[in-house]
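Chain nomenclature is as follows: A, B, C and D, assigned in order of appearance, with residue numbering initiated at 1 for each chain independently.
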Amino acid sequence: MSIGILTSGGDCPGLNAVIRGAVMKGDKIYEQEFAGIRDGWRGLIVDDVFSLPRRRVRGLSKEGGTILGTSRTHPYNGIDGVGGPDAIRAVMERHGMEGIIAIGGEGTLSGAARLAADGLPIVGVPKTIDNDLSGTDYTFGFDTAVSIATESIDRLRTTTEAHHRCMVVEVMGRHVGWIALHAGLASGAHAILIPEVSVTLEQITEWVLLTQARGRAPVVVVSEGFQLKNDKGELEDIAAERGLDAAGRPRLGGIGEALAPLIERSTGIETRAATLGHLQRGGVPTAYDRVLATRFGHAAIDAVMQRKWGQMVALSGIDIVTVPMAEATKELKTVPRKQWDEAAVLFG
Amino acid sequence: MSIGILTSGGDCPGLNAVIRGAVMKGDKIYEQEFAGIRDGWRGLIVDDVFSLPRRRVRGLSKEGGTILGTSRTHPYNGIDGVGGPDAIRAVMERHGMEGIIAIGGEGTLSGAARLAADGLPIVGVPKTIDNDLSGTDYTFGFDTAVSIATESIDRLRTTTEAHHRCMVVEVMGRHVGWIALHAGLASGAHAILIPEVSVTLEQITEWVLLTQARGRAPVVVVSEGFQLKNDKGELEDIAAERGLDAAGRPRLGGIGEALAPLIERSTGIETRAATLGHLQRGGVPTAYDRVLATRFGHAAIDAVMQRKWGQMVALSGIDIVTVPMAEATKELKTVPRKQWDEAAVLFG
Amino acid sequence: MSIGILTSGGDCPGLNAVIRGAVMKGDKIYEQEFAGIRDGWRGLIVDDVFSLPRRRVRGLSKEGGTILGTSRTHPYNGIDGVGGPDAIRAVMERHGMEGIIAIGGEGTLSGAARLAADGLPIVGVPKTIDNDLSGTDYTFGFDTAVSIATESIDRLRTTTEAHHRCMVVEVMGRHVGWIALHAGLASGAHAILIPEVSVTLEQITEWVLLTQARGRAPVVVVSEGFQLKNDKGELEDIAAERGLDAAGRPRLGGIGEALAPLIERSTGIETRAATLGHLQRGGVPTAYDRVLATRFGHAAIDAVMQRKWGQMVALSGIDIVTVPMAEATKELKTVPRKQWDEAAVLFG
Amino acid sequence: MSIGILTSGGDCPGLNAVIRGAVMKGDKIYEQEFAGIRDGWRGLIVDDVFSLPRRRVRGLSKEGGTILGTSRTHPYNGIDGVGGPDAIRAVMERHGMEGIIAIGGEGTLSGAARLAADGLPIVGVPKTIDNDLSGTDYTFGFDTAVSIATESIDRLRTTTEAHHRCMVVEVMGRHVGWIALHAGLASGAHAILIPEVSVTLEQITEWVLLTQARGRAPVVVVSEGFQLKNDKGELEDIAAERGLDAAGRPRLGGIGEALAPLIERSTGIETRAATLGHLQRGGVPTAYDRVLATRFGHAAIDAVMQRKWGQMVALSGIDIVTVPMAEATKELKTVPRKQWDEAAVLFG
């Protein structure tokens, strides 16, 4: 009998540290064997599974990416008509798996919760660079993303000052603004634009001009999911700023590249855009993320041994706890308005 | 009228971000003026105070050290017979200070609590690289220290492997083992030795040999405050390993340098020691510490405006709260045995 | 009498270290005073000049950007009809400047050479992130850019592997491929595309598929100035890949974003693009660049004191020498075909 | 038939990149096979050799340490009476090795030169963190060591300033001062002490006091091989500062720890010491070192194919060349007095 482990969805620094933590504790304390499942749910559907002994996870705590590979395959939609709890159960039985540790974000954990409700022995480990999961104070990956974004903004600032420009830096965050908020606070940004809060171009312009008036080069940090609205809360039409693809749809370039020319026009300050993109999810995890991920790995194998199916591990204060996956994925954890207001004290 | 700010005790990455956060919010929201107090309580005793307008704190969130300077002067012991609440009150009145923000560790905050009990208008901001303060989940500085220690151990590992050696890395932590615990977990150490837990040389030897038997080069992380004891819990006499000074006292070199030859002798593996020392408290704070320190700065000026004398700001989960300084400094926050046991799963 | 210093053109890590080196040696050895000229030739034309005593340059060796500011103003074209040697001479005389240290790239040094030929007392310091200047083995800025690009590619690789994708990374280099060549070699890229060498889409496709066949995720590094050509050496029409602006011109996104969908189509491998852009010229210079820039600063003030007008400082092997600016700027230093062939050994 | 590769002496960032470069070019261009020799000359004497196919070297360019392991075994002294050219030739014949690439420092290359003179088919690759090898402008490892030392001094400076202390930083360099010179220049040290130049305590005291007088916290960088002498050039007796071991010999702590109390006494400024030690040879190589090491690897296999026995690869300006090992190891490359004088312009 063995425990299967899979990683699913976008990759995230710390995945390997979770895998290592679970396997090492499982091997040493529970004398448990492990099976690596390739590319998330795909491996459980098409039966792509391999043995995962302790020596395969050595040295992994500092490695980015995931040795298991990942994909966006959905456990119910499956592949070519194959999928769902029965198909997965069949593969599990073939390999003698008595439990699954599923490491993933909101989508993965929703799927896992549903599979658990359908009777499959699954525990979850939350993973989200965006920090958008309720039910846990933080997850691994977020600290690394914020660190890389902060370091990048520190770098961009020197060139921005030298040329007396304004710089718009687009960071990750399709639905929530946590990375922008933290990286913006850490780097001393002069404006932070997030999906949760409506800000008009007039307001941005005011902050940028105020910054310039104090003799500094303005830095605007924007989440990829921010939408520019007018003072009635209506979406501004900025498609033209982004170019059109063959089919006439706005394409290439995100909100950062769209905002830069608008700010340049409204302020008269030469404005450049930088999009950090995939850089934020790559590379060596921070010490914070390695510790959290290792503790999650330990807690996940404990949860398996205690048959806590349908639960996921979570951080609460300085403790690791377990919470029901179904609840933890019910709603996105957005930035509270109060916290953005607090940050806005530093704008301009 | 103005608010005085001081930093006291050992310096710590994030001090400048606290100062900046307090001054910027105070200036913008409360239209408050600030006075910088030089070198901790010393400046309040000998009247070494200067104006701290907003432009003096610009760009500070990423600067290590403290623009105010620091010292270990005690507010009651004072300097040359001058000190205590009356002397401090006199200086405060001379400069029209209506409140003090004291940023410091256990010693500083104990002094501040006593001064507040004696009627002085003081709020505290906790600062400790060692993470040894009760009353707050974490403080700034700790994450930076752990990051630097982790990065250093990552580096030492490659040379250790190349030479098939054992490496003993001494990190900070005179009374508590938090830095060793986190840096050891993050870097995959094969043993973590902390002041809170007795470990014999026999046990260390076993872990080191076990690691070597698996084909790896053992890395032992040790807090500077760890003491080697025998299996009866008696202190081992390792003074001879450290050399003697002119007066015959053990000197130079910490526990790491003392342990290395003991391990070499008991295992037969060539063993080197590295002491990270001041490196751990220097340089650019991590993004995590910058955010926490900025939030602490905001909360500190809020606490001043609300006349919360005798309170200090603190992190609870993801929220910033205030707690009584007297309580927060009553006992050291040590590593719980359970948490070390959890880490010990990975040893050997 | 004083020496004027200016920085002109795109900024570059190390500019401040040159300024500091020149001012500190000038102050200490030659008891010389200095004037800072704001924003390159602009400051010499509109008379924007300030005193630059030693204490203004302290701590600058590790600061990115330039405390003098920079612009792309041309000394002969000038501003609003004002410019050229006479206008500049007038400003110099007004401030008692007996010499100018001009720090800049090919354009700046060409202008400086012409001004020197017209009788102005100017020495040059070569600055180019792209490493495209003949007459010097290397200049400062290049090593920092290569380091940042390499670190970024290291990071991108982990996410690329996790998703079994192909990644196209666009680095700086409008006319020459040095950054791509060095960062590609350092990071183990599977293809390096530079302006100097024609490579067809067929060839790129072959390398990418070969890499995938060996079980790895392909990483393609491309200079921003690379142009895709067919096997007859004719430019491929890839405008459509880049989207069109309001006026129907290809816009937004560089060669990296244009290549990614072409590679995806020809290989069937999901392909993403990352553009490093301004990140490469920002932040703290590497130790290598700080040392070289400091030595250039020393050599520049020596050259001024020796009245070597029209000369620029340069690196030759491990020595700092001076060479005529007019010659050094005659032709771009491109990547020799032999050196690219050598790197190509590692492709695929 | 195959080519053997070994790494010998202290490890050095970039060793793995050389191995990878040689194996990849050898495999692809020359269809050559490779044998890895374990732990330097030891592996050639006790026959510890393994096959080294291309896939074993993948991803190695950024890995510190050496996958071959290293030791200080001397090829002629050997192990337990076994060694010398005949023993080595026997092992080579047993494995069908037609050539050896020996990567090492002065000692290794001297041995290799002697073996080559005795008729063995060996080419060398120079490796020295200290940059003390004649016959090559630079070697890999040095840039990484200087980078780590510079970053460390940057960090130490902030804590030094906060406490108004003096800091003595000991860096590597037993016989030559290159690391101290470059790291000191890069980090703006106030004094640089190297083995090649006599400096008295009086002179150091003057620099330290001068720095303090300008309101700064003095940073003194010292090579481990620096010796304090009086103004007659006689060695100062500072043994007492270092403590004595059981046998009464000075022990523990290097020149940095010995200097700190002397400076504290002579200047009255609280002075701390930091010893960087093994940190400097660990971890991920810089991009500069990866590129140089890769090019050396390519050139080494070329040299083997051209039967250039007794030669080593070297950097000359921006070109890779070959030079006779016997000549390259004849004398240490020390820091020229002129270059130290140039740096001393910035002291105090």
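Throughout what follows, a residue touches a chain if its C-beta (ideal position, glycine included) is under 8 Å from a C-beta of that chain, and two chains touch if they have at least 3 such contacts.
For each chain, UniProt lists the protein as follows: A, B, C, D = ATP-dependent 6-phosphofructokinase.
This is a predicted model, so every value here is computed, not measured.
**Student:** Let me check something: if the centre of a chain is the mean of its CA atoms, which chain is farthest from chain B?
**Tutor:** Farthest by centroid: C.
**Student:** Provide the C-alpha centroid distance between chain A and chain D, rounded to the nearest whole angstrom.
**Tutor:** Using C-alpha averages as centres, the distance is 41 Å.
**Student:** I'd like the Å distance between the centres of chain A and chain C, where a centre is the mean of that chain's Cα atoms.
**Tutor:** 34
**Student:** Where does chain B touch two or more other chains at once, residue-wise?
**Tutor:** Only 151, 154 qualify.
**Student:** How do the chains pair up in terms of touching? List each pair.
**Tutor:** A-B, A-C, B-D, C-D
**Student:** Could you pull out which chain D residues touch chain B in their complex?
**Tutor:** Against chain B, chain D makes touches at 7, 10-11, 13, 15, 39, 63-66, 69-71, 148, 151-152, 154-164, 167, 240, 242-246, 251-253, 257, 272, 274-275, 277-279, 281-283.
**Student:** Touching chain B in the complex: which residues of chain A?
**Tutor:** The touching residues are 20-21, 24-25, 28-29, 55, 58-59, 61-62, 137-138, 143, 146-147, 149-151, 154, 182-183, 185-188, 214, 216, 286-288, 290-291, 294-295, 298, 316-318, 342, 345-346.
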